[in-house]
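Given below, in the form of structure tokens, are the structures.
Okay, so chain A shows up in both of these, paired with chain B first and chain C after.
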Partner chain A sequence: MDRKIKVVIAKLGLDIHWRGVYLVAQYLKEAGMDVVYLGNKFPAEIVEAAIEEDADVVGLSSLCGNHLALGPMVVDMLKEKGLNNVKVFLGGVIPLDHAKRLEGIYGIHRVYLPETPMQTIVDEISESVRDAA
Partner chain B sequence: MQSIDQLIEGSLKGEKLSTSRLISLVERGNKHAPYVLEKIFPHSGEAYYIGVTGPPGAGKSTAVDRLIARLCKNNFSVGVIAVDPSSPFTGGALLGDRVRMHVKHDKMDVFIRSMGSDRVMGGLSRTTKEASRILDASGKQVIIVETVGVGQSELDIAEATDTVIVILTPESGDSIQIMKAGLMEIADIFVVNKADRPGAKDISLSIQGMLDRSLRKRDWTPPIFLTTASLNKGIDELYEGIWSHSRYLQQDSMLEKRRRTQFKLELRNRIESEFSHILWQDIIEEKNIDNLVQEIWARKIDPQNAARRIMGELIEELPGWLQRGG
Partner chain C sequence: MLKEREENTCLFSEEHVKLIKEQYEDWFDNNLREADRELSDKYFTQSGIPIKLIYTPADIEDVRYSEDIGFSGLPPYLRGVYPNMYRGRLFTLRQLAGLGAPEDCNERVRYLLDHGATGVNILFDLPTIRGYNSDDPEAEGNVGQCGAAVDSIWDIDAFFEGIDLGAVSSSVVTHLPSTSLVIPGMYFAVAEQRGTALTQLAGTCQNDFIMETCVGSGYEILPPAVSFRMQCDVVEWICKNVPRWNPISYNGYNLREAGTDAVTEVGIAIANAIATSEELIKRGMSFDEFGPRMSFFWDLHNDFFEEVAKCRASRKVWYKIAKERFGAQNTKSMLMRYHVQTAGQTLPATEPLNNIARSAIQGLAAVFGGCQSLHLDSFDEAYSAPTEEAALVSLRSQQIIQAETGVVNTVDPLAGSYYVEYLTDEMVKRIFNYVEKIEGLGGLLSAVEGGWLHREIANYNNEYQKKIESGEMKIVGVNFMEADQADVAPIKVFEYPETFSRQKAKLERLRKERNDQKLKESMDILREKCHTDENLYPYCLDAVKNLSTLGEIEEIFREEYGLWAFPLL
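Now for the complex of A and B:
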């Protein structure tokens, strides 16, 4: 694929931890992607941004325990708006069984726990966009 | 996947997803881009274009956010193109302008698009122009273009908008730096933002001094507004200032003149870039260049005359080349 990948990244809701997600954003930029960083936003605004930016991928960060509520909401609202090809990635401090559920019935494409190597994130995002094309 | 015509039709009706896809097509220089631009162009030209530029971190996005709210309060629909620099090494970009922007989409008719400065097949001004035309044609009444004012981009913004707002802060340094950055020439309106910090009055006085001393004859003297965008202070005055510049441009067909000049410039740029594209893609062969480099290296010819030799051969070959249809 020769075109740039566009990623919309947000911290879910009122999450105030920022280092992790900002580092990921930086890393994706270094990997040649266009990364639209939203800061703290709620699902409706995140989805609106994904529409306006024509995002390939939405990345969410959640460290304050709202992932089970807000993560799936983003997935559902994207579908509602007709963005069926947009994959949602979620990173944060998340119990393993929650991660499994999010990747399973809740339709999050991939959940990343804190120790995930950056390169893995880059590779899997690129791969998911290639597959969707 | 929707057809291009469906996307165009959708966008002209104001559908966001279609509009967004069209912008991607022109951004990426997709083969359908010329067709898209041809179809939407007749529907553009109604919107009013505002440029916002200034040094990094001056509060441009914060001010744009406040202006959006102010415009929506008066029932304007708003399109925003927010440009941030791309990495020259990887081509990637971290586009952070939306962090400051908070739009209530159920109440406000707003479309914001972020763009990396190298996202562009033909220069920053070209892609921002094309994208803003798509927003214009989709029915947005006011288009705001935000770019960082370093290097050449601030000049581009004057070529793409009707009113240019230059945003500075008490930290923006002395007047010489501002002059050097080329910001004096393009500003229709000055804003000294972060007026909550010390030194705002000083910088506004020094801008005033520069304007007074400037030898350029002006019919319009750029006003200077003090704002604290983060606290929504001074935004009403700025808003009025924009419209008073707009009213000024309505006299003596000045808006029309400004836009005609912009078209002329755009046309020149496009001819040049089409031409150089043909030149490098279709006409000049890499091996001829390499041969010449060899001769230059051997000091048999100097670069200037080498270029002229190529041009000479080109001009001889061009008629035949055009007749064959490229």
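Now for the complex of A and C:
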């Protein structure tokens, strides 16, 4: 039997807006993925959880402007720990130019802006894990 | 709760209603197409109230004018809290301001006041909202983002430099009770230093334990019972010492934004007002000592008529609770006064200029609903806190409603609409039922502690999102009449990268200049008082005056009370 896709998903740092992240977590679960929602965590804690849970994917949510400071830290720390195959997805209120930088030089696999259909997120996460396998 | 039909005061005579019912049947059978008849019961308001194709006097046959609707400024206050409403005093134009360091905000506040804003509405960055200093490790990446950074009394002083605190009314948006113990205190202390008496200060702080425990998730959350106790401490102390200040704004707004319908929004806020009142009465206050200073905060969403009905209904519900349940004697205790913000959650990033129309329509509903103050969300809502241009458009939209449309010239102009009166009556019933439901769960605190409210929110969001994904709920430019990607206008986002270093430098100076001995004494006393039933406000105020930082006080709370696990994990 195929192993379920394992997703560790967190709100970045102090951000308090949990509506979107929890919704994404529910949709991923409904799509058959194994989802661990961590609540609010900082990068080191998120990476620790990713290791512990043997995650395929890390999902981050930020609606309060800390995406540039904390998002890339998660990518870097994962690499430091040798988890090169873990893809990082980030969603929230992100200015367009920041989104480009995050997906470009900062190594976030995909950035989701407001209004992204849930199905898109589900499909792209599944695809990214399949491609990595 | 069926009312006795009282022929004298009902809007329409029994005979007349009977005739209208017959005419309705006839109209329905003989004038509608088959398709209209089949769909007649398939329309709903956002909170699920069935909508008929047409409303007639028969739908409000039991509504009595004098008792159920009445006059503005008289019970049940359905038509408005003041007799002359906007002819007497227009709703306050209260646009949010807050980005970067307090010094940057000072500029924005003066800019808005110079352009005719009549109130100040200050918004904080997340470290401030959640009680961390700008140089705490937890604050990284959030300092001055989405709001102003405030660490100490110095920052409040800088924020309001050149502004007469005795002359403005300031909404200080401290979400959490624990920060409401501290930041308004900084404002009070600054006022005193400038020679303005506390009795002269007008303003509002939010102070809502639902914000701490349900609406926002958090890195470190105080237990609900602690948060609730602090909420009551704030109300008690401020009512006794700063009589023109609203010590609480029951925040339906953010709950709605987090994910609820209009009934839940008002139902939870009122359940919280009931819980607070009961606690304060237990502490020996009379309802009339704090009733006049309780304020509410509503979210005006897209469903225009339901939102108007919600506003009208909520005033009546609160009047009945104040009067019948708490025996209010003072008329002011029975008035539900509220601030409105339009629904940020309805403003997409796609084709952002469309949001000007959305906010203006929501704002118009707020005015039809009889709000006391208003903030219109800006078109760049989905990008950042409002830029100066966007903030000005919002302010101008409000001024257009006030000055050009004529809607402020008469009280409650939608009264008497069969539909609006039907919906208002229905909302009253549904809000009361919701409040009863909460009480059936053992009260609001229990409902929160057990995660019940969190599950309500999560379930609502799931259903709401499914309606968007299926296209049942249309969002113009997003899932209906979709825009080309090329149409997405780039929005220039404000950035204050220097805020962190400025705040850090200020904190370093503060730590050098303050009297460590005096500070330590006040902090030790505060720590000790955490384990008594005494009101914490004076001890926080004392610490603030001795140049304690927000983060230091909050750390004491976190250490002394411990943390609570958010139920959805």
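Please note the rule applied: the second predicted complex is superposed on the first by the 132 of 133 C-alpha atoms of A that agree within 3 Å, B and C clash if a C-alpha of one lies under 4 Å from a C-alpha of the other, contacts with A are read in each partner's own complex, and residues count from 1 in each chain.
Simple rule for what comes next: a contact is a pair of C-beta atoms (placed from the backbone, for glycine too) under 8 Å apart; a residue touches a chain by one contact, two chains touch by 3 or more.
Quantities reported herein were computed from a predicted structural model and do not represent experimental measurements.
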| item | value |
| --- | --- |
| First (chain B), second (chain C), both or neither touched by A:37 | both |
| Partner chain(s) touched by A:105 [first = chain B, second = chain C, both, neither] | neither |
| Partner chain(s) touched by A:65 [first = chain B, second = chain C, both, neither] | second |
| Touched partner set for A:82, first chain B, second chain C, both or neither | first |
| First (chain B), second (chain C), both or neither touched by A:26 | both |
| Of chain C and chain B, partner touching more chain A residues | C |
| Partner chain(s) touched by A:114 [first = chain B, second = chain C, both, neither] | second |
| Contacts of A:133 with chain B and chain C, given as first, second, both or neither | neither |
| Overlapping contact positions on chain A, where the chain C interface meets the chain B interface | 26, 37-39 |
| Contact set on chain B toward chain A in their complex | 16-17, 20-21, 23-24, 28, 86-87, 90-96, 98-99, 102-103, 105, 111-114, 116, 119 |
| Chain A partner contacts - residues on chain C that touch it in the complex | 125-127, 129-130, 132, 137-142, 145-146, 215-219, 257-259, 348-350, 382-384, 457-458, 461-462, 465, 469, 475, 478, 488, 490-491, 493, 566, 568-569 |
| Chain A - residues contacting chain C, complex | 11-19, 22-23, 26-27, 37-42, 64-70, 93, 95-97, 113-115, 117-119 |
| Chain A - residues contacting chain B, complex | 3-4, 25-26, 28-39, 44-45, 48-49, 51-54, 81-83 |
